[in-house]
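These are the structures in question, set out in turn.
One chain, subunit A, appears in both complexes that follow, with subunit B as partner in the first and subunit C in the second.
Presenting the complex of A and B:
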């Protein structure tokens, strides 16, 4: 049963899944790096990406390729409003680390149950971005999975380079290092916070649109990826961008391989055990800083 | 600047004992006034939430361990007591305390990994992941927990007579004996919390919460006190969960281990004021009764809990009472100022 093509197929699936975990987790780690907060609503922004694509494609009959940018823009605007209205009043309070967790947890639960109440708990299907499959080396893969892998790699590399080379990236890194000093250098750190939060929300939504055709769209689709993303960022080291990508692929591949050996119900257990092991033996994560 | 954990190290003189016993007595006498089975069942739910939240408050408010996985202990107590009473025909009166001990024992499994974590968000993730692990196990170990189908037919509490003074008859199906049992668990929990907070352990907890390094440098054994917080907090959550299982007689994984349960308990603790003695109970009564009164809103329960969390943390991080007092003071000083202005 567990012959080579099956294992190879699972590794490819793991890469696809891992690339999405990396995308979701890089948003989380970005927010942590700049704002020093955990976003518990991140999973729901992912869910909004999925629902947005479903509405645009199935109800408005827009082509998928125009829907995705529209959805991203909508989530971006929503995230700006959320940050301005609900997160920024908490900024600068001494209990910031805790209050941000509580506030985003509340926002997340609200959005999730809003979706359940008004959009229903049914599992909605969304068509693949690119239909059809490709067969090579004895392995059959949907084009859509390759699209996901390519998309994630392109976005992550673009983002990484952007952080290094653009003025915005410079401002962001400066704010992350020392927000007060950044302010003295004329960087409007509040604006950077808003932008960081919204960009990270869009990354989550992008992952939502990419995975929606594979896992169907429903109000609870965000909780799984959120917890996985938390595990990924801790494994990679909170605040480390490269760590999030590395962690994403490790979790993705170990999850797909554990499906083979343990069955799909138990596969989540592997990630959680990995998390506990990391917390016990290397709380800073693989590439993390000193904070834990 | 506000910090809802109230980072001031005050010597805890305990809650005013007269007030505490007054509250207990009032709760004990309530069934004399309230005869409706429905109202009693709402009160029982209030007390379950209140006790669960109080045990979380012990960890979060007193010891400063930001647990987002407290529902795990509640669920462990519930499932353990339900399963051993069903499999071995044990009396629930034995099952419930054993459930508490089992929850306390397993709390060490997350307590130890948390020892090295210093910042709150890490502890939040670790504890949440612990409860998610239990959710996965509970859903997949079908031969033991029946998985998503859930357990049903959990035995109810058994009749007994209290030294011939009072007879507790559960078999007739009335709510009053359950109410008194829950009151008993509640009073026991609160008395313990009061005792612990007033003792040396409580002082160490608050020192640890306010400034971990300073506490350690003054000789507070962090390992010991953190584990103490895990053990005691989880024990009472486990007992409450056990009672819940035998009271409601059905159990499903998401009902006890789910994120929804967690959000409700976080909201209840926050509403009453984290780190205050009666806060969690007050929060439970306000939220549970509030949602019962606004019957039409019960469909939007979790949406409301989410909104409540956001509003509270932004506007009243110290809880409802402190928030209202502050608001009142603000109004008072403003009107006083206006009066002075009008006078001059």
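Presenting the complex of A and C:
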């Protein structure tokens, strides 16, 4: 029953899933690396991406390709307001490391319940970005899945290049590595924090728009990916960008292969087993402690 | 160029600096010496805006520094090379230097500034693509100084550049500081290594327990019984 096309298809599915985990996790790890804070509202920002796309396409009748940039811009602006209004005032205060995390938890709970109250708990359908399938080498794949893989790779590569080459990217990395010295170089770290938070939120929302057609849109759609993203960043090493990408693909592929060989009940077990193994042998994660 | 009057600084409720007055004149090397915990780094943090000042004033080139945010002070031509280098360990040498040119005033001409600093520090050119976390102590210090120079400062403040370096390397660093000064950069050198820092400077201040206790020309300080006894072990 297990023949080459099936295995190949599952590997591609694993890559697709992994690329999304990488996208969601890279946002989390970015915030951790720069602000030294965990963002528990990350899953809800992902959910807002899904709902945003649903509203734009189903209610405003905008084409999907225009909707996605609009949704990202809206989430970016919302994230700027959230960071400036609720998180920034806490940073630097005594016990901020706890209070800021609790604030993100509160933001997440609020957004989730806001969505439930005003948008309802029904599962909403969103059309594929590119309808149809492609068949090659006896394997049939939805174009949308290839779109996801291509999108994630393009965004992650562009982001990586931006971090290496642009003035903003250098400033962000400098703030993450030595915030006091960064201030001495004239880098306004508060602005960097706000932008880091908002870019990370947009990455989550982008993943939300990409996966919405596959998993459908609802107020709780963010909790699963958030937990996976936490597994991914801890596996890859908290704060490491490359670690988040590597971790994303490892988890994605292990999940789809365990579904194929062991059955779908096994996939979370395998994920956590991998996490435990990494924590036992390399407590900082695969690439933990490495600066980028 | 830099004028500090009657500065009072607190860490929370603890009074850390008492009534500090100090000035640095155009194109000199001025030294601030004192033992660990004497308040040297605290004073520098106040100058750079990393620590709030309760009373007193700091003027730089006629501008009231206390009204300028920490990250904006680089704009004015003030640059600091912090204690312990504080280089960005995950970045290459060249990326570190590029961050030094973050200020808009200099970002556009960072190519030329890189070239200028590589001439001053040939070792850094050799290692331009090396991740800076893997450099030796002396190389890191050179990198930290070069990074501070990338913003084309009028005043360069160096906090403990000799810390943890071998005597031979310390000599190199001091020579470099003299060379930088000759290119027209005014220098405020803060050191625990009293002997060598007073040798390259014209004037010096001695800070003890958060107070300036002496202010003389470097020669006078080097021969003063108090300095000899307390810092030179003579």
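In this section, the second predicted complex is superposed on the first by the 285 of 292 C-alpha atoms of A that agree within 3 Å, B and C clash if a C-alpha of one lies under 4 Å from a C-alpha of the other, contacts with A are read in each partner's own complex, and residues count from 1 in each chain.
Following the convention adopted for this analysis, contacts are C-beta pairs under 8 Å (C-beta built on N, C-alpha and C of every residue); 3 or more make two chains touch, one makes a residue touch a chain.
Remember, it's a predicted structure, so these values are computed and weren't measured experimentally.
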Subunit B versus subunit C as contact partner of A:113, first or second or both or neither: first
Subunit A residues touched - subunit C or subunit B, whichever exceeds: B
Which of subunit B and subunit C A:183 touches, first, second, both or neither: second
First (subunit B), second (subunit C), both or neither touched by A:167: second
Touched partner set for A:246, first subunit B, second subunit C, both or neither: neither
Which of subunit B and subunit C A:30 touches, first, second, both or neither: neither
Which of subunit B and subunit C A:257 touches, first, second, both or neither: neither
Touching both subunit B and subunit C, residues of subunit A: 291-292
Subunit C to subunit A touching residues, read off their complex: 48-50, 69-75, 79-80, 82, 86-91, 95, 98-100, 102-103, 107, 133, 147-148, 151
Contact footprint of subunit C on subunit A as seen in their complex: 164, 167, 170-171, 173-174, 177-178, 180-189, 290-292
Sites on subunit B touched by subunit A in the complex: 1-5, 7, 66, 68, 112-114, 116-122, 124-126, 128-130, 132-133, 136-137, 139-140, 259-260, 263, 266-267, 270, 299-303, 305-310, 313-314, 317
Residues of subunit A defined as touching subunit B within the complex: 32, 37-38, 86, 89-90, 92-95, 97-99, 101-103, 105-114, 117, 223, 227, 230-231, 234, 238, 265-266, 268-269, 272-273, 275-276, 279-280, 283, 291-292
